[in-house]
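Here the chain labels run A, B, C and D in written order, and each chain numbers its own residues starting at 1.
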Amino acid sequence: MAEKLIELRNISKQFPGVLANDNVSLDIEKGEIHAIVGENGAGKSTLMKILYGLYQPTYGEIYINGEPVKIKTPLDAINLGIGMVHQHFMLVPSFTVAENIVLGVEPRKNKVFTDYHKAVKIAEKLSEEYGLKVDPHAKVESLSVGIQQRIEILKVLNKGADIIILDEPTAVLTPQETEELFKVIRSLVDKLGKTVIIITHKLQEVLDLSNRVSVMRQGRMVGTLETKNANEQILAEMMVGREVLFEDLMRKNISKKEVLKVKNIKARDNRGLIALKGVSFNLHSGEILGIAGVEGNGQSELLEVLTGLRLAEEGSILVNGVEAINKQPLEIRELGISHIPEDRLSTGLSREATLTENMILGFHRKEPYAIKGIHLNRKKIRERADRLIKEYDIRTPSQDVIADNLSGGNMQKMVIAREFSFDSEILIIAQPTRGVDIGAIEFIHKEIINKRNEGAAILLVSADLDEIFRLSDRIITLYEGEITGEFLRDEITKNEIGLYMTGKRRL
Amino acid sequence: TSEETPVDEGSNLKVGLVLAGGLGDRSFYDSAYEGVEMAKEELGIEYKVYECRNDPSLYSDQLVQASEYADIVAIVGHEFFDLSQKIPSEFPDVHYIYVDNAIEGIDNLITISYMENEGSFLAGALAAMLTTETSIEGIDEEKIIGMVGGLDIPVIRNFYVGYEAGAKYIDPEIDVRVIYAGDFEDPAKGKEAATALYAGGADIVFHAAGKTGEGVFEAAEELGKYAIGVDADQRYINPDHIVASMIKKVGQSIYDTIIAIQNDQIEKGKVIFYGLDKDGVGLGFGTEDMPQFATEEMKAKIEEIKAKIIKGEIEVPTAKEEEK
Amino acid sequence: MFKEIINLTLLQHTIRTATPLILASLGGLLTQHAGILNIGMEGMILLGAFFGVVGSYFFGSSLAGVLLAVGVGVLIGLLFAYFVIDLKSDEFIIGIAINMLAGGLTVFLLRSIFGVKGAFSSPDIVPLPRSNLSFLGGIPILDTIFNNHTVFVYVSWILVVLVYMYLYKTPHGIWLRASGEFPEALETAGINPRKMKYLSSILCGIFCGFAGVHLSLGYLTLFTENMSANRGFIAMAAIIFGRAHPVKTLIAAFMFGFFDALGIRLQVVGIPSQFTQMIPYLGTIIVLFIVAKNHLRKKKKVLEGESYNE
Amino acid sequence: MKNKKNTEYLISLFLSILASLVIGAFIMMANGRHPIVGYISLINGAFGSKYNIATTLAKTVPLILTGFATSISFRSGIFNIGGEGQLYLGAFGAALVGITFVNLPSIIGIPFAILISAITGGIYALLPAILKVKYNIDEVIVTIMLNTVAVLLTGYLVNYPFASEVGKLGATEVIADTYQLSRLVRLSTLNTSIFHVIVIGIIMYYLLERTSIGYEIKMVGQNVNFSKYGGINVKKRMIFAMVVSGALCGIAGAFEVLGVHYRFLQHISPGYAWDGMLIALIIKNNPIGVVLMSIFFGALKTGSISMENATGIPSELISVIQSIIILFIAGEAGFKAKIQSYFANRGKRKKAGEENV
């Protein structure tokens, strides 16, 4: 068997209240692509952060090429040739791409000053070499997540890393972007003999990409196996610790009535550029309308306009015949629209607030939680929180924990629990399972379908085509702020729809 | 801060000195402090100082604590106007001396009111005479003089009206300019204010601005101009540029009153006005060894004016009348 | 009358008044970039002023005064950093505490060292040297404006350039800014953000020390209680005003100085002092308002720039 | 679990105060003073007699009000540093009522004066709030500027248009008797305003902790996007919090006039709003904590004065000690973490937990 490059031996990591890693051991072989899968909160990121020197293990040792090493800071890791692309990107928003790529290893002129031109050269050269296109002068804050992903990778490569850790790199990528990323990863390994550790929730990706895969559950290492001996079923069961069956979601056909009529919406993005060039569609009760599109083609702006978070410059939104264009978010909610936002961290919840506080938002003025809309009824509020935590299987010690200490998946469940409990007629759902594990995905998909079968009208936006196809009754494609196609789900294939998503074909 | 003094056999008369502001202003409050210090030396009393550091939330408490400690309480600062009418009646056996205001009819309260306008009148007269004395280096024939006030409040305005009147008395078309620094504790501001006045053509600037005044002196030195000090005889701070000081003998008057109380020769509930007559205010020219800018004629003129004011031949206006 | 107000001394006054603000705010904007709001500058200035006098008085050299003030500045900077960065205490509270500490300590030491209260001045305090730029002698206007200032006036201008270069042209400066905007990003890049934050705080202590020394050994030659007189807070306002950009902050500081000079001169015209003294403060708000309004208008323009029907 | 946290916090709070008092003791000894004597006279000065207790309580009145004022504004994520200015204008407003409507009976007059002070304070806070939400102008700088403006403006008013006839004071005339809150303890300035403060305190606690408005304010302060998304009118909540904050400061000013000085004095506040802000920050905007901490501060101030007078320990020393106390309280959490991780490290365990990436 190949030589062991990295050995993690009996690693444990105790956080206040949480044992994030429990005596975990893991071998990484030189030149392999090693996937790590596991449910939310299984401890994957923690383990990798330990390897990268961001956390110190409570117990356990790390060996590299058989030598015991102490990795006290990321600098130690970098010097050992380890690089990491984080689940939540580590880029300075107000800096340019070039500045971010060379951060920490800036080229200098006469020893003191930054040589910005050189930095730009470096950035250009790297993006040449690895075929990751970026504009070195652009400010990061103005770039899509896909691009930011590339920058992160270039940053790591620039530091000359031989071992590259990718923490859920595909969670935020479109199918096209994912494919490109995988090409890059393969070439890194095959051409340059680098070693890659990749964390992901998408088992298909694991099977496509990796040589070996390790599975974690609740902080423990369940096992490592050759990918060729694995399949989705096996992995899923190892992850969840029970049988998961991907049975087809059953759909009730129920009488459809038009509840939402969107006409000719025009709006701009934050930079003042046109984002929506006149979008029109309608939505019926008891159906799921999927919006497919490459990220940054106006989905975000569309959702914000529909939920009152962004002003439209033209157009009309009729909710059961009531005009809702440019109304306050509250008024729109009162009209019966609930919203699961695409970015749960910055919009879906308050990280400093407890689960209780997070889950009462929007009900905090409604009987019986607020008597006369003012006096908060704590008992009722807490009861409700406990109920939702059970119903939606949110993994938390108590409802008094602040949201920030939940893992990504559980945060998402919390948001979904709150929004679904409005029992609104219309649900606007964005990226419902981004960065969420299979167990949770199954659960969330079922909940969505149930809502549909109960007669809710659902608008679904997802960068994950599988998800769109799995859930939608009807699909429209959005490209550069315009609708380029509309289909019933079984009228079209994934590959075909890709053409509409990229504007190569239009109706 | 309270200076503990060893209990002294001779007399154990206790004096509490209550200050609205704090010690170290080298003028008003320090002068009051000298008074009790003198009383300690000469009469062997003991004393404590109660500083309020311009914190209104301390006025009442400090006065009460002083009253509980002392036989004689000397209250310094117009800020105590209301309290001086309440607290004394609560402590009938304590004698109160209230400096810098006028309250009548409270048996155990004697108030001392200074005619700062009279003293300032002399200062104004002197400045007016000096500002054309081109023989003195740095002085031109322009008829402009200045004053820097701490805050624009009645007491300080009283200085100003006297100063202005004095100058006009010497020469009606003299131009008297005042700048209020807006602070008693910012010498830098004082320096800028004075600098502006000097730049505007004034050669002599009178200050009534506590620590802010320190900046006036610095400006005078830096620009080779001249200043007039206030309250205490401040010439010692910079004899070459401080030509004189308008002295308010707070310490002296407190000392005198303490003696009067001791010897029981005081009319109860009375206001004592310290003007030029009682030498409560006046001009100080420092000590012999200092260079004298004011000529003998000038000093004579000052004396003449002083006499006239005491006789009532010259009416010195006060701030209040001005506002009418 | 007009020439009473608008004359060269107005500019000199502006420059003199602005200098301590510039020095302090340069320090404050460094911590600002490192993600720390430092309202302890007031106290830091006061300590600088005091120890400047101490050093100059006892060693008979203004340089000694500067060095002592700098030393104290470093210490107080370290104290601030330790609480805010290592103990993660609220920077507001620590700032206020430092102001209190400085207030009490200076008064206390003034008494125990010099045996005086309130103020200390003495011929033995050696002031900072004044410039004599003979080459300006020829041009009277430039001469009156730029000549015969104490060293720190020029130091402050030089520091503006240096700080600018540092923040925007050197890797170290880039790290400092990153440590404020996104420390995790810097850490994962292998640079310790804590070190950068400490550095900013120490530099702030030093620069505030300069500001203090300039007050007590340059501008004046004495120490009085609370002689910093809110300059620390105004410096902070200047930083916020200048969005922590060295040059913009410099402009803000000059604006304060100018309004202050104007205010004092307007009194001579007979406007009540309370109103002339408001000028710097109201002026600032008005300028902020105008700036913000223009900003909004510009944004609108951008929006109208482009149309839908292409 | 929350309560456990609170008690834990109170304990370490107490410990850090203790620690700083010990340091203070050393400072005193270094000055040849007896710390025991000093502290005894400090405590005695603060609580030794009916009068002393009253004096201490009297000092807490403005602190509690300005403390709450800070809590509510900071909670909503808008920083009202302008309490001092709002206090001045509120105080002047109350005084104006007290010298103008001289023949209103107390039952109407006093509430009216308080109301006016709240309105003046509130309006003065409204300005920076609007500049913030409408033009996104930093409220910290604006409120700092407005403080000075208010002091100067009232300074003008009491020296010219409303100057009192007698007594060389920069002050208004004395307010009518019907407006003067009665004193509760002989000689001390403690007055019935303390009862008003209790009522206001209860209302504020209720508002912040038990109502949907308080909840909305808290959420707005934590995450604006989240609040907008949840249907909260963010701008409105910020303005609301700011105005309430200003009103409370205004009321604090009113009580200085109606209860303590019976007229508006130039420089009527020694910086109550700053102390109040400090208190609110130290206590992390916890309403009950604000009250306790205000009493603590009031006691320190009263006690230190008596201590100074009794033992001659200079009050500068007290303010040094006080600043150390504040440093320690502020460092409390940090110290705790450090100590914990120290114990964690012993027994060859490596430190855990405090990193946060």
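The definition used in the following text is that a contact is a pair of C-beta atoms (placed from the backbone, for glycine too) under 8 Å apart; a residue touches a chain by one contact, two chains touch by 3 or more.
Everything quoted here is computed from the prediction, not taken from an experiment.
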Third chains touching both subunit D and subunit A: C
Most distant chain from subunit C by Cα centroid: A
Rounded Å distance between subunit A and subunit C, as computed from the means of their C-alpha atoms: 45
Geometric centre distance via CA averages, subunit D-subunit B, whole Å: 36
Computed distance of Cα centres, subunit D from subunit C, in Å: 28
Chain centre separation (subunit A, subunit B; CA means) in Å: 76
Overlap residues in subunit D, where contacts from two or more other chains coincide: 152, 155-156, 159-160, 314, 316, 357
Interface hub residues of subunit C, defined as touching at least two other chains: 111, 184, 187-188, 272, 274, 277
Shared-contact residues (touching 2 or more other chains) in subunit A: 54
Chain-chain contacts as defined at top: A-C, A-D, B-C, B-D, C-D
Touching residues on subunit A, where the partner in the complex is subunit C: 52, 54, 73-75, 77-78, 84, 86, 90-95, 99-100, 103-106, 108, 112-114, 155, 159, 266, 268, 272-274, 277-278
Footprint of subunit D on subunit C - complex, ascending: 83, 86-90, 92-94, 96-98, 100-101, 103-105, 107-108, 111-112, 184, 187-188, 233, 236-237, 240-241, 272, 274-275, 277-278, 281-282, 284-285, 288-289, 292-293, 296
Touching residues (chain side subunit D, partner subunit B) in the complex: 51, 55, 59, 152, 155-156, 159-160, 163, 165-170, 174, 186-189, 256, 260-263, 265-270, 301-302, 305-306, 308-309, 312, 314-316
Residues of subunit D defined as touching subunit A within the complex: 1-2, 210-213, 215-216, 218-219, 222-223, 225-233, 349-353, 355, 357
Subunit C-facing residues of subunit B, complex: 1, 22-26, 30, 149, 152, 177-180, 182-183, 185-189, 191-193, 195-197, 199-200, 211, 214-215, 218, 237
